[in-house]
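A, B, C and D are the chain letters, set down in written order, and residue numbers restart from 1 in every chain.
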């Protein structure tokens, strides 16, 4: 909390409840550039709600969210990209009617400058920008090694490729912070390895906040962990510290520590 | 290995598809395209040595589809004429197009009649808004727009010499009803219930010429739409009731007269009703609920209502015109043969016979101007089934300017139609006539035109 | 004062009929998440059948029962033939299909019975009653309308709140997959929902037709007002449909009475916009949490 | 056959001509071809056929707008007849009170209806599916009555007259009118084509497919929807103004609900979301009620009651059957065939993917990905 001047995301004492049920109770955490922070906890602990508050889908009853020294007040989801925050969705949230490259290009909406008139009249101002964005999107697809699917429709592609497309889209706005909502769900062991490398690679350019059930992945890539249970932070610190915390073990007691989620199981949630 | 790129295939596909669209557009055009229809050798459009081509746009479907039996009856008269040698040796071909009572479609269909069917004249088309839409167009091209089935004052205007109406102008309707009210209900509070368009406005014009302004206590309007049905007329009828009007003059289309009567019954409101000739036929009002539901005082709601008509009712079988029309239409109009004659079919018969007489009067050398001249010169003498002669002259482009008043009566012989049994009517007083302008309402003393022998012997 | 009283009573009578249409829409929406734009047209078809029965010389009540029964059957058939293939597709498809069905039925009715207006009787007198010395603009038929619509609403409440069948129907509407996994037989329930809703529509048509008249499009506007009522009340609440119906009927009556008849359709539009701005899900719908 | 295929493959591999990539240039070059073609077409046709071509042109304008709104942006409108009325009356009022040229009059008609579109579009952003459909239906029913309420201004039932624009004396008036209307149609198609190939087009589709994902990508969902509504209403307004020129006047009876219904059916038959498919829809709207249905009725000797309702029945069937069996419409079916034919001659070989009508390319508002998107959406 004292780090608010140094940049990054600072979530301070957030409380929110739905219909009398407290979903988050005084939750605080921070993510700084160059850092991977994981949020873990049993189902219903409030992880996704936390993301939704940061993104502006849900308004907290109290508490503040500060990003790069500026407090986010009554912000809307679409303001986020411009502010430098990106988010991937738990499912993939790709648009079935757009090709992969168009999906990724749409991620650059916040940096696009061409106005309505230049788009309507097809002026160079608009078309030049389009080629620039397309170029950038193809580069990103190349970096994520899915360039060959650029002109395909995403919902016809394997799940892993859809997830990468979604990641590419989130990276298009060149964020300072990226929120990853269960990036590992539905991926095979080999794909997990690659994902881990990818996320660590992101660290050079931005802060990463992820919600994940897959403990091996979390433990291996996160710099810090925050553990939520029933809407409260019950532990935080390095992976080793958290693993050693008895409260965490209790929280997970009685339910399997989830390892690999299948997309099918996810679909039902 | 190079992958098949679906995208490029699709882009090509899109191009192909675009091409196919273009080709199809051409194809459709080419198929439906046709030159000006069988260009006549004579200079007058729509007239050949052996034929005359006429057109009409009618609401065969849509909100005014009630009137869709008029044009077939007109056509039946032409079939009769054609079977007896045509007019001056020419067969009459009538094209009836459906305009659904929608002005934009009227415009399209009228363009088609003029540009493609190459009509000589537009005759007996129905509707005020629909015909107003094409009035500038037809007059601009000097195509006669004759005998429009509408009582709008707008058809007799020096600006549009090629237009003329058939129905009694609504202002004349209003004047005749107004003079009756002034005479028989003097001192009573009067209310108006009128349609919110030219029909209502013109009728009010006539009413105001006869009824003292001070006795009119409430003027209510409605919009002729299905929406008004559902919301009902409670507010308007309640307002009339609240104003204490003892006499209500209705310038409304038949269904709304029915709705008015039903609503008045609900409110326990029993004014003397005076109904414009547009809804003068109880069977057209067609609301047996209104006719049969006992009002609080035990009387049928429309019982005793005053209305008006320009000619005999179809159930007055003793009238020679009704007899001859029924006979002719039974032979040439399958609908009449099946279900018997309606008031609208009687109108259609009259209309067809008017067109026939006008064409005949225009002579062998048929031109558009010649037709107009013939109507201006002889129009007054054309035989008709109405109670007064036609008013046509070089300056007056109205058909009828007279009405017989009637009383709807539960004791008169009821009208029986396939759609139900309706109360009958009995005549009240003499036939009146007047012009839409200033001038008194006068009594017409002469008898109805005789049915010409040429018609009665061949029908 | 009498004027105000009378247009208020008129508004209530209209409102109850509007509520009947709204109840039918709500029933289908609760059962299948679809707004059935063809409901009015389906009811119009069965009203023509009732008309035919009536003119065969049967009494009003036989025609009434025949119309309701035909409505049930028609609703079930429609669901099986048209709506079943749409399950799981975009809601836009359902809107266009039901709307197209409306057009089709109106054309068909016009082709079979013609476009001329016919009249349909009421089972009770439509004349207003005297209470003491005051004439009240409320006829025995209006009383019948109110009772019939109230009965319909209570039936629906009992069905959804009180019976296992109703609960299963709700489950099917909102989570068809889960319901199927839980062993609910989904298909017959959906068919039943459509059958009941079509019957509710038929009831509305039979209540409106005596004061209107029978034409192929006589239900168009009442459907729009019914939709207004359902939206104002919340598309999944029977009580909301009733309150929305009364609100719609009264707004139309007051706007028509004090401002002019041409403004009535716009008044309904304004009512929808205002109520949706205040509560997008309708007054009586429980707010659904936003799903992200 | 093999020879032909080889030849075609060779051609496809080395296209002798490539369309410009820049959208405006590309669309202008399409339009140039169309202009030449349409010029000769209108020269060749009779006056009434020219009049009909003009009608097709303004329905193309209206359908293009509706396609953008419903097909591309996923917002349904049953009320585009209402927006057409706004455009028509605006033009008529300008004709009555000013002495301007037809071009600024049309431009103002577009702006006015776009503004009314915004008025409806803003509350519409909070509505979905059936709610929006019902609200727009009320717009179609309600707007024309306003002209009755203020009849001294709008001319009441009689309405206002809009004289046909007169061109050079050597050109017949129907042809001149058709040219004006065709020019508007081509301009609208070019501009909408541009728009759809820009970031706005992408946003429209993204909002249609998944609003939450769109907002997270930085797309202002509500603003995007309002823009789509305004553009679409503007097109409808232009179409209404052009209709007024054809009809010679406007009045409250001129824009009945049936026009909105025709537009919806036209959109579905053309292929929801396809800008080129609107030509099919426009041809259907112009010819079915006035020409095809009557000849069909004639051919089968049905009675007048049936023939009078035939067009309506067919429009209804088009909507129902089109949506159930071929949501891609005519344009979708053409593409489906073209993809196969194209693949046969393609040097790349036969497509290795199953491509069905259901999955035919992109712009289907009415698309069938519900099952997938549901799985996409996690709970709160």
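The definition used in the following text is that contacts are C-beta pairs under 8 Å (C-beta built on N, C-alpha and C of every residue); 3 or more make two chains touch, one makes a residue touch a chain.
No experiment lies behind these values; they were computed from the predicted model shown.
Visitor: So which chain is the furthest away from chain C, centre to centre on CA atoms?
Guide: For chain C, the chain whose C-alpha mean is farthest off is A.
Visitor: Can you name the chain whose C-alpha mean lies closest to the mean of all the C-alpha atoms?
Guide: D
Visitor: Quick one: chain A and chain D, Cα centre-to-centre, how many Å?
Guide: The computed centroid separation for chain A versus chain D comes out at 39 Å.
Visitor: Once you find the CA centre of chain A and the CA centre of chain B, what distance in Å lies between them?
Guide: 71
Visitor: Nearest whole angstrom, what separates the Cα centre of chain C from the Cα centre of chain D?
Guide: 32
Visitor: Cα centroid separation between chain B and chain D, in whole Å?
Guide: Once rounded, the distance between the two centres reads 36 Å.
Visitor: What positions in chain C touch 2 or more of the other chains?
Guide: Answer for chain C, listing residues that touch two or more other chains: 110, 114-115, 220-221, 260, 262, 264-265, 289-290, 292.
Visitor: Would you mind listing the residues of chain A that make contact with two or more other chains?
Guide: 48, 52, 55, 57-58, 89, 99
Visitor: What positions in chain B touch 2 or more of the other chains?
Guide: 3, 5-6, 8, 61-62, 65, 68, 196, 223, 225, 227
Visitor: Help me check something: in the complex, which residues belonging to chain D touch chain A?
Guide: That would be residues 21-25, 27, 190-191, 194-195, 197-203, 205-206, 208-210, 212-221, 227, 353, 359, 361-364, 367, 369, 372-380 of chain D.
Visitor: Write out the stretch or stretches of chain D touching chain B in their complex.
Guide: For chain D paired with chain B, touching residues are 12, 30, 34, 37, 41, 44-49, 51-53, 55, 141, 145, 148, 151, 156-159, 161, 163-164, 174, 243, 246-249, 251-256, 258-259, 276-277, 279-280, 283, 287, 289-291, 294, 304, 308-309, 312, 331, 334-335, 338-339, 341-343, 346, 348-353, 355, 361.
Visitor: What residues of chain C sit close enough to touch chain D in their complex?
Guide: Residue list for chain C touching chain D: 29, 34-35, 37, 82, 85-86, 88-93, 95-97, 99-108, 110-112, 114-115, 220-221, 224, 227-228, 231, 235, 260, 262-266, 268-269, 272-273, 276-277, 280, 289-292.
Visitor: Looking at the complex, which residues from chain D come into contact with chain C?
Guide: Where chain D meets chain C, its residues are 70, 74, 76, 78, 123, 126-131, 133-135, 137-139, 141-143, 145-146, 148-149, 212, 257, 261, 264-265, 268, 305-306, 308-320, 322-324, 327, 365-368, 370-371, 377-380.
Visitor: Along chain B, where are the residues that touch chain D in the complex?
Guide: Residue positions touching the partner: 2-6, 8-10, 12-14, 16-18, 20-22, 24-26, 28-29, 32-36, 60-62, 65, 68, 72, 97-98, 100-105, 107-109, 111-112, 115-116, 128-130, 132-134, 136-137, 154, 196-198, 201, 223, 225, 227.
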